[in-house]
Amino acid sequence: MTHLLEIDNLGKRFGGFVALENISLAVSPGERLGLIGPNGSGKSTLVNCICGTLRNETGAVRFDGHQIDGSSAHQRTHRGLARTFQLPRPFVSLSLLDNMRIPLLYTVTARGERKSAADIESRCFDLLREVGLEEKARRLPRELTQVEMRKLELARAMAAEPKLLIADESMAGLTHSEVEDILTLLKRLNAQGVTIILIEHIMRAVMSFSQRLVVLVSGRKIADGDPERVMRDPDVERAYLGQ
Amino acid sequence: MIFSFDLLINALISGILIGGFYAAVTSGISLSFGILDIVNIAHPAFIVLGSYVAYIVNVNLGFDPILTSIIATPAFYALGAAIYQIYYVSFEKRGQESLRGLAFFFGLLFITEVTLVLYFGVDYRYVEAPYIGPTWHFGFIDIPLRILAPSLVSMLLIAVLQLLLTRSFIGRAIMAVAQDQLALKLMAVDPIRIKRIAFGISIATASLAGAFLIIIQPVEPSVGREYIGRVFAICVLGGMGSLPGTVIAAMLVGIVESLTSTFYGPSWAPAVSFGFLLLTLAVRPAGLLGR
Amino acid sequence: MRSDVFFLVCLVIGGLLYAAAVALGNDYYFFAGYVVLQYIVLATAWNILGGYCGYVNFGSAAFFALGAYSTVAIHRLHPMPVPILVLFGGLVSGVVGLGMGYLTLRLRGAFFAIATLALAVVLQTLVVNWDYVGGSRGAYIVRPETIAPFGSYIKYLFLIMLLLAVGAITVARLIERSRLGYGFATIRDDELAAEASGVPTLQLKLIATMISGALMGMAGAPLPYYIGYLQPSSAFGLEYAVNSIAMPMIGGTTSWVGPLVGAVLLGSLQQIATVTISSAVNLLIVGCLLVGFVIIAPNGIIGLVHRYIQHKPADIVGRRRATADAPEPAP
């Protein structure tokens, strides 16, 4: 089976500091992958390298059969990669509706689909409705609560109609029911065919969501497999308890 | 273009000495931009202000310009601290440093230059001192004292700054605030106060750099403008905030400028630093995450 | 209002202004009006890159002067009608803008801003050393006294600049409401998130730099005819650098209205002031106004007006207003 995302021996340094070393990973279409690791283990760096915000120095990244190492971030988004940011980064001078509009205008239409202005507008409302934000469609992001910002972040990523979505700590600081909300949303997305990589610290969410679990410690991958088995792995235990 | 070994050697030496001076000029930017990430494009204007301060005292009281500038440093420090406070309250706190912060400093640059024009007019001004005029000769090597003296004192200034940054508490706090403000707060040090001090020191160096400038060349209000590209090029080339790096970069720029000036003509000097600026910007790790 | 309708409305208003100036019977109004119109173009052009995209260009004088000097260079080759020279000026400055943008726009906005400052100095050095256009001695352009059917030549220049001004604000308004305008806004707000959403930021920034530079070049192209004698110090003058930033920032950077308001207000004030007080004091006041507004009223005059009307902060982008009170019902 061809993998949707293939990472081959990826490495990234910042000056003398090795952030990622020999990371190899394959993600199949439709998979739900969990990515965990202590703070500073390189999870966000890995996301940045996959999505093009950073360039990897060694190794290769292949998406949907294409080598994407040299592509810019927006090109990767056009190919079907989407991500949320750990700290939400909404477009602060645009309304929520317009925040949705951007991926539609620049990613979806770039793929060749012609949409009328009315289509786009209604699609924006649909997206906001999916995350329960359509009441606030014409408001500015700064009027949102933390949870709502994270939902906006997810909605905007979904607006790009991705094949693979990387959700980077979308649930940090949320209550139990809020976490459930986001999980339900992600599972629904997955059921619609979107491959999802979930990066989280909330173990309950990761365990219930992931079909496969990858553990990153100090820039290296130390485990990759069935979630239950991975959590019982002595290396993984040591990595977490030894912190 | 007449190539001769004598010219080459003299150009090299001149370049090194001027480079020393450039290092002093850039040291302020190394602090404010390299370490604190504040794009103070008005810095050259403050240097020119320092030149005029040295000029007034020299013309009216006959004091040595370098001495004057040292005495003036507290005033420049206070100016820097005040400017930082305004900058912080108006921009940094609100997270609007980019567009508005730049416009703010541009406004300051402009106001300073125009005020100097209003007060002093556009004529070139120069100072008098015993070391301005004589030239030491070693065989075919000519070293004008008016370049040697400021260059040596510049190196002294850099050495003092480096000691300050690495050995003193304030200095290390400044280096720390660039890296981790939260950690600093947890150690009961107010990061804003540290940044204010750092920016104050940055402007204080302008006082000295100004004296050096007017010793080396006659000054009129707009000479600061050609230094803008130069100082940022040197700062970036030198590794953003590393004083030793700044010295090496400054010497490099000084040498290339001197060689260009000797063999192609002095009017091309600004183009050299601009070229350096573009080159260093191109060579830096690309990508939207900046440095 | 559709853009072509807007364009026509502005032309009509401009036409009325022209007629009023003719009725006043004094050519001075055309001389002064030309300068204000020129600033409308410069301010609007600056704002396309500065206000919409968030990239500060300190070298407006360079693009403006390039337009002026391309006129001189072409005139020496073969005199041409002013409208053609305007197009050439736009072309030259647009290309230089593109080139410089290509070199510097991959990096942080701060580096771009510094590079524009350095560029202005370098271009001035180049021009000063270029004898073909007169170098530091300057260049004379002999302009005809009158030109049919307008009468005095200045009326003709005024009309050209009027057309440019109307064109500039129409273009700015068009951009604002277009897909391009949304893209620009995301670059200003958060470039990383823009890229992640699929916005080709470098491409858009280059487009903005090109349009901005071209408009500035077009504004500069008629200058040699206006003043008759062009020197590097006047073409690269301080007043262009500071005004092209001060006018949009004081007027308001979020839409095409701001630069227009800023240019008309500040431009007119300066025309009056130059007659009564010295031009250096004049510039000092502009500089102080810039710093003052940037600190106190970051959204400029239109920001203040909105705050007064709605009692709400006004971070808005053109027509994309969001109300902070009762939510609108979903369709």
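Details
So that you can tell them apart, the chains are marked A, B and C in the order they are listed, and the count of residues begins at 1 in each.
Operating definition for what follows: a residue touches a chain if its C-beta (ideal position, glycine included) is under 8 Å from a C-beta of that chain, and two chains touch if they have at least 3 such contacts.
As the structure is a prediction and not an experimental result, all values here were calculated from the model.
Number of steps on the shortest path from chain B to chain C, with steps defined by chain touch: 1.
Compare each chain's C-alpha centroid with the centroid of every protein C-alpha atom shown, and the nearest one belongs to C.
Separation between the centroids of chain B and chain C, computed from CA atoms only, is 32 Å.
Chain A and chain C have Cα centroids separated by 41 Å. Chain geometry summary: the mean Cα position of chain A and that of chain B are 45 Å apart.
Residue numbers of chain C whose C-beta contacts span two or more other chains: 188, 192, 195, 201. Residue positions of chain A touching 2 or more other chains: 53, 73. Shared contact sites, meaning residues of chain B that touch two or more other chains, fall at 286-289.
Residues of chain A that touch chain C in their complex: 51-53, 72-75, 77-78, 82-83, 85, 89-95, 98, 101-103, 105-107, 110, 122, 125, 129, 134-140, 143, 156-157, 159-160.
Residues of chain C that touch chain A in their complex: 179, 182-183, 185-186, 188-190, 192-202, 254, 315-317, 320, 322-324, 327-328, 330-331. Chain B makes touch with chain C in their complex at residues 39, 41, 86, 90, 94, 96, 98-100, 102-104, 106-108, 110-111, 113-115, 117-118, 225-226, 228-229, 232-233, 236, 267-268, 270-271, 273-274, 277-278, 281-282, 284, 286-291. Within the complex formed with chain B, the residues of chain C that make contact are 50, 54, 56, 58, 103-104, 106-111, 113-115, 117-119, 121-122, 125-126, 128-129, 188, 191-192, 195, 201, 238, 241-242, 245-246, 249, 253, 280-281, 283-284, 287-288, 290-291, 294-295, 298.
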